[in-house]
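What follows is subunit A paired twice: with subunit B in the first complex and subunit C in the second.
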Partner chain A sequence: MDITGIPFFLAVSFGGAFLAYLMNFAHRFLRNAVVLLTVSASAALLFWLGDETFSMEMGGFVLTLGKTPYSLFFAGIVALLAVPTVLFSFTYMAKEERPAMYYLNLLITIAAMYGILFSLDLLSLFIFWEIMTWSSFLLTIHKGGNATKAGVKYFLYSAAGAYAILFSVVILYNMSGSLLIEDVARSFVLQNPLMQLMLAGTLLFGFSVKAGLMPMHGWAPDAYAESPAPFTALFSGALSKMGIFGMGMVLYQIFLQSPFSLPVRELLAWAGGITSALATLRAIQQTDAKRLLAYSSVAQLGYIVMGLALGTPLSMMAALFITLLHGVFKAMLFFAVGAVYFRTGLTDLNELRGLIRRMPVSFLTVLMAIISLANIPPLGGFVGKWLLYESLIQSDHYFLVIVAFFSSTASFLYVYRLIFSIFLGQEEKEFEHVKEVPFLTMQLPMLALAAVTFITGIFPGIVLAPISSALTYLGFPIQHDMWSMSMLFNEWGNRMNLLAMISVIGTVFLTGFTILYFYRMRRTRYVTTKDIHTSGEVPTENENLTYAINFYQPFERAAHPVLSKSIRAWIDWIGRSVSELGDFLRHIYTGDGQTYAWYVVLFLTFMLAAGSWIL
Partner chain B sequence: MPELFPLSPVHYVAAPLLAAFLLPLVAKLSRSFIKILPGLTFLYVLYVSAVLYPQALQAPIIEQIAGWAPPLGINLYYGPMAGLFASLFSALGFIVWLYSLTQMKQEPLDRFYILLMMLVAGATGMVLTGDIFNLFVFMEITAISAYSLTAFLREDDKAEAGFKYILIGSLASAFVLLGIAILYSYTGTLNLADLALNMDKVPLSVRVIVFGLFLVGFGIEAEIFPLNGWAPDAYSAAPAPVSALFAGITVKAALYALARVTILLFPFAGSMALISILGLVTLVISELAALHQKNLFRMLAYSSMGQVGLAIAALGLFTAEGVYAALFAMINHAIVKGMLFLTVFAMAGGSATLDGLNGMGRKKPILSLLFTLGAFAIIGLPPFSGFWSKLSVLTAMGQTGNYAMIAIVLATTIVEAAYFLRATGRLYLSEGNPAEGKTPLSAIAALAVLAAGILWIGFFPGSIDETLTAGAQDLLDTAKYTEGVLKD
Partner chain C sequence: METLKTISGYFATIGVAFTVGFLFMGFRRILTARVQNRVGPPIYQNLLDIIKLWSKESAINHGLMQHMGPAFSITASVTTLMFIPVLRDGNWFQNFSFEGDLIFLLYIMVFGQLGMALGAGQTGNPNSAIGVSRGLSQIVGYEIPFVLALTALMVYHETTSLHEIMAAQDSIGGWNIFVNPLAFVAGIIAFLGMTHYTPFDVPFAPAELASGPPSEFGGKYLGMMMTSGSIFAFAKLTLFVNLFLGGASNLLELLVKALALYLIPVIIGIVTPRFRTEQAILFFWKWPTIIGILSILWVVWMR
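Showing the complex of A and B:
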């Protein structure tokens, strides 16, 4: 087998999963070695992947695999997150049960994501899509308890999406006689516009479920909150991006020529904007770190959809850039929250506090990640947001700019709550024993990803180069005057030199730090605890005076009219109604033999009556 | 070897019947024969399949009983479709026997195995025979052994379920017999091929009535809504190995009969569309009814009805792709549902509830994995067998332009996923203690064969392509059927 071919690549990825499962019976070190080797080998093989396509027949369908610059970019994201994820799992999952199942499903999920990306036809895409869904379902329910419910919910939303996709795929196959995306695209334009709208609509709906776009985001908060932390990083960072990948493919490879393309994209952009605003408001309400991050993920995915749907070269660049960056900093956040959970067993923001001196590396990770998330220079998030704003303004979507600006500013609130509640505030006696997590398996993945946010902030060109070739593949003209290695330009001739910016910020930071160090921070200053709430009484030493409970109560009161209506509740209502219908239908089967006999007789009478009527 | 002892399709029916007859006698010699003889019988029948089925794929084998040529004599028609079903039934019989070896402890075992072999023999007879009255007789053999097996455990509710089954089943027999009598009075023949050529002697209105009678008669056994009231009770009352056979064998035989009779005798567009619609209705109602089941066997029973509904909906298209898809769905269902029934029984015993699955992932990891595999396969997740069967159903519907049907099938699949995954999720709750009792080897072996089937078809769906295509052609090509039988 050709080792630069995609079959070999997938064979390594899937084969490693089963080998790791078997090795679990030998020794856990052997298993871990196989797991790590598998993900690193597939990450390395990405660089040597050849250009040939590969076809095989399966069940009367021709399946075709091959790489495109567009898929290679996403594969890069998967590889970038997969290696830290398995590394982080080694210690994190050591205490958990059924490790063999965990690694098996984790590696299958990763391999299936590669499979999705390297599918050149819709059926193999769907096959890998479903494999990814069930393996990630099994990962989500790994902990049992509430996770089971969350997992089933995740699967049902996903199934609704997946079957919407399959519906379209079957019809498209019937129309074009081929499953290849390019053939499908060619016969797609010959259909009547309404048919085009329906087919593309169902496809987009299906992919948007995985991306957690409102109104189909209901699975995300529960599934992200309940799945094991290392996997959540991959789940939110890479797996949900498969929806973005699919939407991009549908919008620009299949649907672009349709007369409905523009209105649908406008609608999607708005859906993305509303998603980002509402999910940000929800995130601010959360008191559980993982749920907070979950809603934050939904919000960030909303940005990406916004950029993706606008469809200008600049907005696409922004969307893909945020896709990568969100993967990186959200993985950092989930890792850090996982690290805190690993040491304290808590994710509740009302109970955690003052861990900064106990877990400094986790603190640093969260700090770097939220700087990136809040799009503050000099880290990578800034570049993405800059590109997005500029593209929104250029394409005259001023109202969307306001929405984006609103949610990006509001996101300060929840990231501040996250870092304050966990790491700042008064130290507690109960956390005295807490130590920082082990370096090699847990700190290293966090720090490595933190380095990525730093580097992409200064040299975004490293990421913009593959994005440009991906966009060129999708048919967007990317001129080289839009970016260079560390500079961003816009059409009004302004330019932003990131290298200069980091120099300025670095200098200011270093100077300030030096001054502070020499004049203020030479020795720790102890301040006496005083609080007006103590009404003059001197509080005891361990009395907690910095509460993080009801952190944003005024805000919540203000946002109440928006947040009191829940789209999730509506979808749950649909689910409940179907379930009640099922319960009602169950009563057709009364358990009484005479009733059943009557059914038979009535049915026969009906048939004969209908027959004679037709004659 | 063939010269000395010519194999014939008759052996499919004769061998199990003979063995069933001999079983009480050999039981007098040694009790261990009771367990061994059925296995040997099924093995022999499988050997017959291995020899005859490849021949049938080339040209159908038409066997005249006692040398009387049709239309006067009874003939067996062993074509690709009948061969497929006969082989499937024998294989399932063997697997269920293997499983029962250690899992079936309820005495009297000799009667259990006698009934089991009669069930398989009757169902195989139904798919083999070329004579409509003979079809009725085999249907009765199947049904009577099915009634007795339903009530085999001798408890009140089992007896009640068995009684309901008899009540509805005898209606089925009466209607089918009535239909046969009417046809005979007009045409004077009972041979299916001969009947097909003489159907123009029957006035149209009578044909419609007879079709109605057959539809209800076979429809009862094929679990078409609203004729399937007996099924949930019977499935949950019968011992699990028998339920596996109900799902895998009796339904399939009745469905075969319905398809064969409809296509040969009533090939109107209306009758086919009607079958398709009934299939869809069955699918939707059964899947929804399963959603609230706490009893696992009832849940599987409703799911079974739903799966059969899916096969019927595809069958009703009566295109080559539609029949292909229906056959695929039936084979998939026979394997997967069989495995699910057997796994649940091995895991949680005869009265399994949804709660009984809690924490099984720790107590019985292999069985839990098998249940998960079965659940995924029945939902139709790739890369398991159910995916390809469901996909073939969908593409067949797509080819006839029935996009609404595709949407209905997919929507019910979400419902199906809901209750199967809820059950799967319970396996992995962290409750209970690890390692509790071992599952006997014979049961694991039987389940492993079925699991291997699921994976094999899942990864190599092309391997059964030829079988299914030939089966579909065999069913649809009525001219070939009648000419083949009446060539002399």
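Showing the complex of A and C:
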């Protein structure tokens, strides 16, 4: 077998999963070695992947695999997050039950994502899509208990999306007689516009379920909150981006020529904007760290959809850049929250506090990640948002700018609450013995990703190069004057010099910090957080000085008209009604033979009575 | 030689910004005093305060993040200043203004407040936490009209560069305050929120929160924060002069225009009581936002 071919690549990815499962019976170190080797081997093989496509006939259908620059970019994201994820899992999962099952599903999920990306036809895409859904479902319910409920919810949403995709795939196959995406695209333009609209609509619906676009986001908060933390990082960082991959493919490879393309994209852009604003407001309300991050993921995916739907070269660059960056910083945040959970067993923001001196590396990780998430220069998040805002303004979407900017500013609120509640504020006796997580398996993945946010903030060209080739493949005219290694340009010819930015920020910060640190802190002595200005009153040992519960009460009061409504509550209400209907039906279908016998007797009596009456 | 000139230019800018900043703040103290029938401190009182604070010794600290807070704050102030053209033309006081644009300024301007919030968080003082909660909420309020006003200007001039916006306002009739007065109103109301003077001083709320976020900071920390505050005040005023009043060709012109703008929040601040947080947020989301939206519609209609 050719080792630069895609079959070999997928064989390694899937084979490693089963090998790791078998190795579990030998020794856990052996298993871990296989797991790590599998993901790093597939990450390395990405670099040597050959250009040839590979076809295989199965049951009368031809499955075609091959790489495109577009899929390679997404595969890069998967690989970038997969390695830290398994590394982080090693220690994290040592405490949890059924690790063998966890690694099997994790590796299958990763392999299935590669499969989706390297599918050139719709059937193999669908097959891998279902494998990914199944294995990620099993990972979601790994903890049992509440997780099962969250998992079933995730699965139901995914199933709805998958059927929508399957529906379109079948019709598209009937229309074009081929499953290859390029053939489908060619015959798609010949269909009548309404048919095109319906097919693209169902496909987009199916993919947007995975991306968690409102109102199809209902699964995300529960599934992200209940799944094991290292997997959640991959779940939110990479798996949900498969939806974005699919939407990009539908919008620009299949649907672009349709007369409905522009209105649909406009609608999608607004859906993305509203998603980001509403999900941000929800995130501000959350008291559980993982749920907060879950809503934040929904919001960030909203930005990506916005950029994707606008369809200008600059906005596409923004969308793909945020896709990568969101993966990186959200993985850091889920890792750090996982690290805190690993040491304290808590994710509740009302209970956690003051861990900064106990877990400084986790704190640094969260700090870097939230600076990136809040789009503040000089980290990578800023570059993505800069591109997005420029493209929004220049494509005349003025009100979308306001929506996007609102959610971006409001995100300061929840990121501050996250870092404040966990790491800052009063230090408590309860957490006195908490230690920082181990270096190699937990700190290293976090720090490595933190380095990525820093480097991409100064040299975004590293990421913009593969993005340009991906966009060129999708048919966008990307000129060389649109970006350079550390310089960004908009369509009006204005520029942003990131090297100048980092030199100013770096110089001033280092000067200021040096003055305060070496000149001051060395001469001062550390005092506890009880030793503070309290207007002359001396707080006793057990006095509670924490302000963490209901942290944004004033803001929630102001935003109450929006916050008091909920889409999820409506959908949950439908769910509850169905389940109540089921309960009612249980009174009839009791499962007891005696009752059924009575029904038969009653029915016969009724028939006899009715018959005799009619006759 | 050229490098030396450039570097001395940076320091000159910071020096001018600092001087003008503390003089303006001293002026505000005098004006407030006169309204309250007091004599008030001399105009250079803030400089004396800063010198005093810098010469003080601190004995205690609450950890590393507390040190980083004021450093973040001064980083944001100086970086904002460096990326704003102080004068319309000429080689002096341009610094890095050709290297960044308005979107960058929007974000770097909030960097200091977030950094300050982190520093205040580590002290564990409940007053700081309450102040931060209020302050961050208020940012979400006033950033909306501010962005609306900026968007109106950026769309009208088809640029995100401050230099080009300034260059387009070549005569008094061309100043954006006259070309798009609605954007100016939205922007200046947002500016009221940014200054944190009454009626929008609830995050610091003297006499209620023991000055809020900075309550655990004294001595050199407070000195650095006041220095940063003076520089930031000048940077913001210069930004608004550049955006709406056509910039300035020399320092004197800049001073007059900046003072005129500065009087608006000061005079409103002297005579108004304090908004609660949710009142402030709802205020910003109501009238200034409507005016901002109208200003964008006006620009779209004019094009």
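Convention: the second predicted complex is superposed on the first by the 553 of 615 C-alpha atoms of A that agree within 3 Å, B and C clash if a C-alpha of one lies under 4 Å from a C-alpha of the other, contacts with A are read in each partner's own complex, and residues count from 1 in each chain.
Here is the rule we use: a residue touches a chain if its C-beta (ideal position, glycine included) is under 8 Å from a C-beta of that chain, and two chains touch if they have at least 3 such contacts.
Please read these numbers as outputs of a predicted model, since none were measured by experiment.
Novice: Going by the contact rule stated at the top, is it subunit B or subunit C that touches a larger number of residues on subunit A?
Specialist: Counting contacted residues of subunit A, the larger count belongs to C.
Novice: With the two complexes superposed on chain A, say which partner A:Leu581 touches: subunit B (first), subunit C (second), both, or neither.
Specialist: In the superposition, A:Leu581 touches subunit B alone.
Novice: First (subunit B), second (subunit C), both or neither: which does A:Ser612 touch?
Specialist: The first partner, subunit B, only.
Novice: A:Phe382 in the overlay: touching subunit B, subunit C, both, or neither? Say first, second, both or neither.
Specialist: A:Phe382 sits against subunit C, while subunit B stays out of touch.
Novice: Considering only the touch criterion stated at the top, classify A:Ile127 as touching first (subunit B), second (subunit C), both, or neither.
Specialist: A:Ile127: touches subunit B, not subunit C.
Novice: In the overlay, answer first, second, both or neither for which of subunit B and subunit C A:Ser187 touches.
Specialist: neither
Novice: With both complexes superposed on chain A, which partner does A:Ser566 reach: first (subunit B), second (subunit C), both or neither?
Specialist: After superposition on chain A, A:Ser566 lies in contact with neither partner.
Novice: Touching A:Ile393, do we find subunit B (first), subunit C (second), both, or neither?
Specialist: second
Novice: Return first, second, both or neither, reflecting whether A:Ala374 touches subunit B, subunit C, both chains, or no partner chain.
Specialist: second
Novice: Okay, in this complex, where on subunit C does subunit A touch?
Specialist: Touching subunit A: residues 57-65, 67-68, 70-72, 74-75, 78-79, 82-83, 96, 99-101, 103-104, 106-108, 110-111, 114, 117-118, 121-127, 129-130, 132-134, 136-137, 139-141, 143-144, 147-148, 151, 154-155, 158-161, 164, 210, 215-216, 220-221, 224, 276-278, 281-282, 285, 293, 296, 300 of subunit C.
Novice: Under the definition above, what is the set of subunit B residues touching subunit A in their complex?
Specialist: 160, 163-164, 167-168, 171, 175, 204-205, 208-209, 211-213, 215-216, 220, 226-227, 229-230, 232-233, 270, 285, 288-293, 359, 361-362, 372, 376, 381-383, 387-388, 391-392, 394-395, 397-399, 401, 403, 406-407, 410-411, 413-415, 417-418, 421-422, 425-426, 428-431, 461-462, 465
Novice: Once bound in the complex, which stretches of subunit A touch subunit B?
Specialist: Residues 57-60, 97-98, 126-127, 130-131, 133-134, 137-138, 141-145, 148-149, 151-152, 155-156, 159-160, 163-164, 166-167, 170-171, 173-174, 578-579, 581-583, 585-586, 588-591, 593-597, 599-604, 607-608, 611-612, 614-615 of subunit A touch subunit B in their complex.
Novice: In the complex formed with subunit C, which residues of subunit A make contact?
Specialist: 354, 356-357, 360, 363, 367, 371, 374-377, 382, 385-386, 389-390, 393, 396, 398-399, 401-402, 405-406, 409-410, 412-413, 416, 419-420, 424-427, 490, 492, 494-497, 500-501, 504-505, 508-509, 512-513, 515-517, 519-521, 523-527, 529-535, 545-548, 551-555, 557-559
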